[in-house]
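Single-structure report; data block below.
We call the chains A, B, C and D, going by the order they appear; numbering starts again at 1 in every chain.
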Amino acid sequence: MQLGMIGLGRMGANMVQRLMRAGHECVVFDTDPNAVAALEEQGAIASTDLADFCAKLSRPRAAWVMVPAAVVDTVIDQLEPHLEPGDMIIDGGNSYYKDDIRHAKRLHANGIQFVDCGTSGGVFGLERGYCLMIGGDTAAVEHLDPIFAALAPGAGEIERTMGRSGAYDRAELGYLHCGPNGAGHFVKMVHNGIEYALMAAYAEGLNILKHAGVGRADHAIDAETAPLSEPEFYQYELDLPRIAEVWRRGSVVSSWLLDLTANALHGDPELTTFGGRVSDSGEGRWTSIAAIETGAPSPVLTTALYERFSSRGEAEFANQLLSAMRYQFGGHHEKPED
Amino acid sequence: MQLGMIGLGRMGANMVQRLMRAGHECVVFDTDPNAVAALEEQGAIASTDLADFCAKLSRPRAAWVMVPAAVVDTVIDQLEPHLEPGDMIIDGGNSYYKDDIRHAKRLHANGIQFVDCGTSGGVFGLERGYCLMIGGDTAAVEHLDPIFAALAPGAGEIERTMGRSGAYDRAELGYLHCGPNGAGHFVKMVHNGIEYALMAAYAEGLNILKHAGVGRADHAIDAETAPLSEPEFYQYELDLPRIAEVWRRGSVVSSWLLDLTANALHGDPELTTFGGRVSDSGEGRWTSIAAIETGAPSPVLTTALYERFSSRGEAEFANQLLSAMRYQFGGHHEKPED
Amino acid sequence: MQLGMIGLGRMGANMVQRLMRAGHECVVFDTDPNAVAALEEQGAIASTDLADFCAKLSRPRAAWVMVPAAVVDTVIDQLEPHLEPGDMIIDGGNSYYKDDIRHAKRLHANGIQFVDCGTSGGVFGLERGYCLMIGGDTAAVEHLDPIFAALAPGAGEIERTMGRSGAYDRAELGYLHCGPNGAGHFVKMVHNGIEYALMAAYAEGLNILKHAGVGRADHAIDAETAPLSEPEFYQYELDLPRIAEVWRRGSVVSSWLLDLTANALHGDPELTTFGGRVSDSGEGRWTSIAAIETGAPSPVLTTALYERFSSRGEAEFANQLLSAMRYQFGGHHEKPED
Amino acid sequence: MQLGMIGLGRMGANMVQRLMRAGHECVVFDTDPNAVAALEEQGAIASTDLADFCAKLSRPRAAWVMVPAAVVDTVIDQLEPHLEPGDMIIDGGNSYYKDDIRHAKRLHANGIQFVDCGTSGGVFGLERGYCLMIGGDTAAVEHLDPIFAALAPGAGEIERTMGRSGAYDRAELGYLHCGPNGAGHFVKMVHNGIEYALMAAYAEGLNILKHAGVGRADHAIDAETAPLSEPEFYQYELDLPRIAEVWRRGSVVSSWLLDLTANALHGDPELTTFGGRVSDSGEGRWTSIAAIETGAPSPVLTTALYERFSSRGEAEFANQLLSAMRYQFGGHHEKPED
């Protein structure tokens, strides 16, 4: 079938390619004409603006929006005047599910369907397929089924879950209609919240391994330095790339994120190309807000989020204040960096 | 080659079977004669006590100890008198690496080699192979290489890490000599520390999904209840078994633990057979202690550990105290359970 | 001067009394006529409904609303028709500062002033005075200064902050105009976020002291129980009421919350009257949401909040899931409660 | 009575002065002769080495050791040969209670008493008195009672705990015999663990207030930056010194640490003299280890500890790893510092 794609960045462009490989027709638009031209060469139908984009879509139109969360509002506002009742907007980016609910309400009032689709897979999605978490009315979601099926990974080589047999459930093919509007992004949001914590688990653990030789260093003896009473227990020099590698086979912690960690560490064991300022892009925040608003205790997820804030220097004033208090009650001066 | 196995519980018995399948000879002992008899039927050489066990091992003896951490000391004490210089003890259980260092020191003084081997894989290890993290002198570890190779998963179908080519590194076969004594259990310890946090990440995230319908319930209006200002955003009823399933394909959070989660949720979506008292068996504690002693910040790992303590009611007095303080300053009475 | 008070619960009624003691005139209203009558006996001017309430206030009217956050909207809606330009509404409850901004915008459009006032002090405020954190336009805040001064504790016996001299700053008298609308409740919100964490700090610490005798108990030896390798270090039976008491004098952790803790523990060392289901009333949640939205890492504050959720059983499904995973990979069965 | 003091740093020197003011005789020693001379001028009996120190003490000798935890062992080793049965060593520093138990066992075997005394109060202790938490045999502790009473703050002006009346309990005078050896430092250890978390609570909360104006700044719109959807809610510029000040009066969060915070912020609102590298000196670590070993969930305390590690750059490798993973799965490049 046919799909229109607005936003041809890393994600959007790869998704268009995957759809075309599966035989679907794609009309594409991006504010960057080079991104449009690149896909036109591969067989996509180019468009020059949103009016042109909508004119080139057959009815009912299906317009997939794949842009940063902060500009989704603007794109929908600009798109809507070119649409007609029965058309569909799919937001496949990392939008806040509360915005979906708002968008759906407004668009439904004008007869336009809105579908929210959380999309996981990153740069590997082109080959590996995208895991899709979908929210919206059943009719619209069913109409788009061939698109979702083509984007999703399919059953692949993965062993079936115990107890499942017979025809494959769509969830086993890698896409799921999660519920009414917002449900898709809600599930994707929590997916990313989990992702942050999984990443933090590996990062903290490997950092401990990195510290396993602290007993080999000289250790200051003064009232400002916690004593290391048994340095003989911290004499190791561990090979982190090989440890990540061995955990990939047969261990309880094997995962796709660990595979990526092994890639990164094998290529650059000291990770010298990274400074350690870790971005967060919204979903981790929204997951924690949902945890707070629903009363679901999630200290591991939220602490992982906060570690990213701290990595970017956002704890600095708090830390200065701790040193200031220590100076106040104990006359403690800060120790300079080694 | 030949290996002696002491401790024929879930782990030890399966490991003996995997070794025998690979053509190795196993002498076995357990305080439960039924466990010994069961393996004897499958071809293992039974023994009636540790003296008999040692008598049946050819020299240099290799005695693998697979018992709870709390009884390793006793077993080693009872085993040592029956051993001779050049013999080897392998502790394959979940021992504290600091105990390894102590054991190795004492045994080395008597000419006996000690090898610590962290073993991951659980009940699936028989078929899937065990991920082995090994510490000890190179000579002993090399001598035991055929045993480790047979227990480990091998390269399997897993895609190679980017940049690796040519002959397989042992880490790619699922076993690794991590360093001197204790290094094996140190790496396994941190592995388990990570495991706790990975598990907590999924558990917290799925618990948020479980709470996604709190807006559908009546919400008390009083000074003791946090207001839910926008209940329209929490109206979902999500299908957790299918969500775990869809994440297995193409998503960033796919992992073996997620596969197991999908198994569990598909079989029993409400998990009614579990009360939620979560055990911890030492390594998570030791990982956090190592984090503290080395100064490696690990709030995600340690918080995951503490959640297990809390699940067993260990926060009760702290919580009573919080209610007591609230009563003191605000006259707040506890709300009864709904 | 004159103030109208709507909401005569624990807080509102005491504040009226404190104001009358300072010579101010109070018009009072509550949906419970008994609450109104009780204050009328003490000299307040009773009113029978909001129309009557407003009729009895001299212009410009100053109506202080002291009701649960969840009903503030309703009260303001009902109050507004009876007010005129130049009148003032003060929200002194635990409202969300975002609601203040919304209320202020709407009321200002009709010429009515809105002042948000975070009020700390609890049931002790009648005697001790209330700490007031105020947001709103300067003119309105200045107009109400005599009211704030009477409610606030004043300079009291507290030692002056180092470097302060001369005339007292209002902050030293216990009230502060923090900024434009919402600023008062924003500061109060963070105050309560801090409060939760202070309380958690004492609760967790005293809970460790409570556990200091675990080495005296029998300790199971099995693969489901973390070993306690050196029980000799956990043989204490500590006197918690006396420990809280001794910390009140000269220690770094002395505080008003510790005074209250000492009260609670002296009266009931086992805290048997509390079940440990700890309420939270909004501000702790909003503080964490503000931390997340502003990117200010606050794991201690948020973890303290989550502990309250857990105390009320909200982690149950997460814990069941952890046990389910352990069963899946290791065949581990849950241990029953001792 | 008479006391010998070894270690005349910030703490030891002030304690000698406080004792002499109360009429006690002090024999003093320090490896720095200037420190000895300074106290000699004020009336203390100087000594030139430990032999001289012991010779100048009347029997039974009471030698108070006030040195960094890491050198206590050495000092006790050097002191012991000069002591006789019946003499007493008091360790008043920040030692690990497990070391106390070890020291006591060894010294008792030679007839020497050992008393552990956790001492809180910092540089203010000279005037304010020291809060003392004492462990050891009752006879020795009773013998030293006049010393403890002189060092402790006494009842002071502090309101009595509700329900207490009659003669003052020693806890009300600021010192407490907590139990057998180690109990004093155990209680002091947990005291400091609590202290870290109290400090973190204020630091995190004030840091949120510091961030309350993020909506005023430009906000990048790209896939690496979490959107700030409602910047109008973060427009405040708050006066932190005054906020700390106002909280000192009548609020639930008033405390001695808040008094110190007000001092620090009033003198230097931007805390420019502190870089934010926060030391930890052992007790916070030991508290968390005790929490882990006893199974008492303490995520707030431990997270506060880890924040100090992070403030010193110890999370750097973990953060680099997070960025490396993000690059692997999403092609995300780190954003440079603004």
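Note that in this section a residue touches a chain if its C-beta (ideal position, glycine included) is under 8 Å from a C-beta of that chain, and two chains touch if they have at least 3 such contacts.
Bear in mind that the values here come from a model prediction, so they are computed numbers and not experimental data.
Engineer: State which chains count as neighbours of chain A and simultaneously of chain D.
Structural biologist: Joint contacts, listed by label: B, C.
Engineer: Among the remaining chains, which ones contact both chain A and chain C?
Structural biologist: B, D
Engineer: More C-beta pairs touching across which pair, B-D or A-B?
Structural biologist: When the contacts at B-D and A-B are counted, A-B has more.
Engineer: From chain A, which chain is the farthest off, judged by mean CA positions?
Structural biologist: It is D whose centre lies farthest from that of chain A.
Engineer: Suppose each chain is reduced to the average of its Cα coordinates; what separation in Å results between chain B and chain C?
Structural biologist: Going by mean C-alpha positions, chain B sits 43 Å from chain C.
Engineer: Approximately how many whole Å separate the CA-defined centres of chain A and chain B?
Structural biologist: Each chain's C-alpha centroid was found; their separation is 28 Å.
Engineer: In whole angstrom, what separates the CA-based centres of chain B and chain D?
Structural biologist: Centres of chain B and chain D (C-alpha means) sit 37 Å apart.
Engineer: Multi-chain contacts only, two chains or more: what residues does chain D have there?
Structural biologist: Where chain D meets two or more other chains at a single residue, that happens at 122, 200, 202, 204, 206-207, 210-211, 226, 252, 256-257, 263, 285, 291, 293, 295-299, 303, 307, 310, 312, 314-315, 318, 329.
Engineer: Looking at the complex, which residues from chain A come into contact with chain B?
Structural biologist: 97-98, 101, 120-122, 125, 128-133, 152-159, 161-164, 169-176, 178-180, 182-183, 186-187, 190-195, 197-198, 200-202, 204-212, 214, 226, 228, 230, 232-239, 242-243, 245-259, 262-263, 266-267, 287, 290-291, 293-301, 303-304, 307
Engineer: Where on chain B does chain D make contact in their complex?
Structural biologist: Listed in rising order, the residues of chain B that touch chain D are 252, 285, 288-289, 291-293, 295-299, 302-303, 305-307, 309-310, 312, 314-315, 318, 329.
Engineer: Provide the residue numbers of chain B that touch chain C in the complex, in ascending order.
Structural biologist: 9-10, 68-71, 94, 96, 99, 122-124, 199-200, 202-204, 206-207, 210-211, 221-227, 229, 257, 260-261, 263-265, 268, 271, 274-282, 284-285, 299, 303, 307-308, 310-332, 334-337
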